[in-house]
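After this come two complexes, each holding chain A, first together with chain B and then together with chain C.
Entry: the complex of A and B
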């Protein structure tokens, strides 16, 4: 880690094969880089939207599966599969599904009489939303699994006695279930937040950052600089800016968690 | 009336269940279907459900042997299991001490551990490669295992801290009164109670390692030591127009070992949960 902090102050000269000291030059260049600011926006929208949807959907799923319907075990096993798939493969898979010529999704939309479905992965208006959608599809199960594991470990007699006391199902969820699983929710959300902040492999598989810059996340931009253009110093500096941003965000969050625990 | 509304809500629940199942399985089913097609049949909409076995055999033969996915899979399996075992062996006592021994600054230590995860793999790939070269383990399995253990520890520790925190400290105290030292308390009393946590942590660690490719791409050069995700990533960079049938077959081949693994382990999750619930 420290090593990469070190090289963030340098520039690698491939022709001469040596490092030139730039001081804060890389950082200055980043801050005046349009692509950097656009990728912050892309990353921010993606983390924000995906995280909110995933948490709400994941928690609802956990409560839903708490009903122990027949066959729910089987569906649970299905539900977990997206999460264990390699994100690069997930990206490729959705590229096939969303293919404008022969993808199943647009064929399905066509069945409802919509003639000009969006070209999901080529139209900059849609690509980011497509990326977010695939992220949600893949990672809602993560939130679900963590919350569900906690939910299952809760003592059942609490729910029984609440039911005996005549509490409605909604009230039970609001006043008993949610507070009891809240620490698991926060935990899952933090990890998902961190991972989605550094989303790289899904972008690599699905859009490769394009078209244009519409899906270039911070971490993809850093990858591009480091491994396509061999600008290790610039890429490291970029990563450090990410770490700083994430740490600030995280400490703000940590202040907020104990407050939740006391409720 | 109440029975009627109960029947209604039940059926709504079941419809929801089916919808969830479809949304979850449909893309993966499509992947399976594509993996049974000839290159030229990919463009057929909607794809026919007829499966020609000779094509299936051809696709899977190409992926498993010509692209040497058999050896990659075995290799990934070895690396993943070693990393998971190591991270659990190191992570469980770490989580225990962070949860129980109120050492000054343990909060700080645990947040620092978590912050290691903020580092995008992109940023550490090159430094890791250089460190592994320095240790003379670049391009070996050990060279992958070391960074992977480092990557999975934060996750493992944080999951387990949560589970240890849930166990009332009275249990520790009771064990101590009975004359157990800290290690025995951990191994014989607490370990069975956090078993579901250990299983969950192990599964997550396995998933992340099974799918990691960026570090792998840098540390491993030789074809023989490639892990599955490294080989997967090669699909995109090597050939511009993607051979979808091959790509889909690769996807299926990547998925199956994990699928088998998670199904085998699911029984343990249920056992662990019931064991934890008895108390």
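Entry: the complex of A and C
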């Protein structure tokens, strides 16, 4: 950590093989860099949209499967499969599914008479949303697993009492289930939010930040500068700005979301 | 110049050679190479060369994945163990990961790998940084180098000045000091076409860029696309498709020199815009989603029989001639890329160079040289091409009669190789960054998000910013 902080004030000259001190030069360059600001926007949209959908869907699934319906164990096992797949495999799999010539998705859309379905990974209007969709597909199960585990551990007599008192299923969810699982939801959301903020592998595998800069996230931009262009100092400075942003962002989030300690 | 077959030839007045000269040179090289293929392993008896001098050691090789380079070596691991007594281990990584790995191992106290394959566009950064072992003494040493090795005569001159010789003191390509040996593959860009479709439509093989787009439009029928391209946000968009058009339309990419701090790009000139516009026009008669096509997608579409015309690295698309991997293997022709009047169809020079890291103990360097000598030998060059169709490194392989009979595009690839032009910005370590920026802008133009003129203006601005930051432009 300290080493990378140190090199954020330098730039490496590959030909001369030495580090040149730049002071705050890398940080100044980042703040005046258009791509940096567009990456913040892309990352913000990605984290915001994906997290909201993942939390809503994950919690809904946890409550649904909490009803212990017939065959739910089998469906649950299938449901968590995306989460355990290697991100590179996920990227390759979705590239194939979204292939404009022979991909399953556009073939399926074609069955409904749509002749010109979108080019999901090459049209800037769609790429970010495609990326968000794949992220949701892969990571909703994570929220589901965490919340479901908490839900299963809740004392059943509370729910029984509510039913005896005549509470409707919706009221039970609103006034009993959600408050009782809120700590697990917040934990899962923060964990997932931090992970989503660092999203790199999915971008690398699916869009490589393009077309243009339409899917360049902060992490990908940092990777590109560090490991494609060998601007180690610039990439380190970018990473430190990300650390500061994440620390501030999630501290605020923790204060903003109330979590009950005692039920 | 054009030869009587109508094949678009090359400009013999420049640094290149024409086909006749090429064949002559190649015939001589082939004779020597033939001797080499016999002698390499058994030459312990000839002179004082002993391939088993470093028996008992292990040599680790770092290559790129996805270009079939590692396959031949893997086939020959037990052979090398038998003939050299050296155990060989191969690691092949995806391009980005391989470039990253190279940087880390070359700057480590001791390199993890004994032999590293370097992409030509990165040579100024790694060899220019003085990170590789000078090989002149090895080549001159009769105890360590087989008399049949035939360096430099059996290697194309242009390739030697690109992925072999480098002047570290002056930080420029060429000179007398050898740091790399061309390999695992060399190569350039040629044009592939469907003979049957052109013949059925009565269209001659395109010889200039107007002919090319006309032919592509006429052939874009019956479920077949007129052409395909590398149009994804990928460096090969620039290196293969855009640069082939730009250079053979008469464009000059850079003016000035990095040292004089007046190294200025010409990306917003009329020729640059015309080359991008030509790609935009071609996209209209390319397979759907061509804006996301890298070379794999392009070659796959061509090999499936879905496309009539294609420019591509010969080392990548050579597999389209292999019936095992192509539905149209017997229906394909290959020629030099089109060129406008007063220019030649002169493509970009590609290829890799194998080197021995400087940060190795002497004994590991010596053992590495023995293995590197074998995998850059005439014997191995022919084996690798025949089995995997990666472009050869040696002239003798390009003109080998048996291989040409089996793979008719080989001599065309050889000519392209002899006459290819090094990308101007390969002179500076920021090469990849520059190419990446231009690829991003041109990709946006091809998918319709901006015009060719806007893309070129944006690329020009990006390049100037990078060149100024790096101190190549005041």
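Criterion: the second predicted complex is superposed on the first by the 256 of 263 C-alpha atoms of A that agree within 3 Å, B and C clash if a C-alpha of one lies under 4 Å from a C-alpha of the other, contacts with A are read in each partner's own complex, and residues count from 1 in each chain.
One rule holds in what follows: a residue touches a chain if its C-beta (ideal position, glycine included) is under 8 Å from a C-beta of that chain, and two chains touch if they have at least 3 such contacts.
What you are looking at is a predicted structure, and each value in this text was computed from that prediction instead of being measured.
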Partner touching more residues of chain A, whether chain B or chain C = B
Touched partner set for A:211, first chain B, second chain C, both or neither = second
For A:87, select first, second, both or neither according to whether it touches chain B, chain C, the two together, or no partner.
-> first
Regarding the shared-chain residue A:124, is it in contact with chain B (first), chain C (second), both, or neither?
-> second
Of the two partner chains, chain B (first) and chain C (second), which one does A:228 touch, if any: first, second, both, or neither?
-> second
Is A:247 contacted by the first partner chain B, the second partner chain C, both or neither?
-> first
Which holds for A:101: it touches chain B only (first), chain C only (second), both, or neither?
-> both
Could you pull out which residues of chain A sit against chain B in one structure and against chain C in the other?
-> 101, 208, 227
Given the complex, residues on chain B that touch chain A span 10, 13-14, 16-17, 20-21, 23-25, 27-28, 30-31, 34, 42-47, 111, 114-127, 130-131, 155, 158-159, 162, 165-166, 196-197, 200, 207, 210-211, 213-214, 228-229, 232-233, 235-236, 242, 244, 247-248, 250-251, 254-255, 258-259, 262-263, 266, 269, 273, 276-277
Residue numbers on chain C that touch chain A, as the complex places them = 96, 99-100, 103, 107, 124-126, 128-131, 171, 232-234, 287-289, 291-292, 301, 306, 429-430, 432-433, 436, 440-441, 443-444, 447, 449
Footprint of chain B on chain A - complex, ascending = 1, 3-4, 7, 61, 64, 67, 69, 71-72, 74-75, 77-89, 92-97, 101-104, 107, 137, 141, 145-146, 149-150, 152-153, 155-156, 183-184, 187, 190-191, 194, 197-198, 200-201, 204-205, 208, 218-219, 222-223, 226-227, 232, 235-236, 238-240, 242-243, 246-247, 250-251, 254
Would you mind writing out the residues of chain A in touch with chain C in their complex?
-> 14-17, 99-101, 119, 121-124, 207-213, 224, 227-230
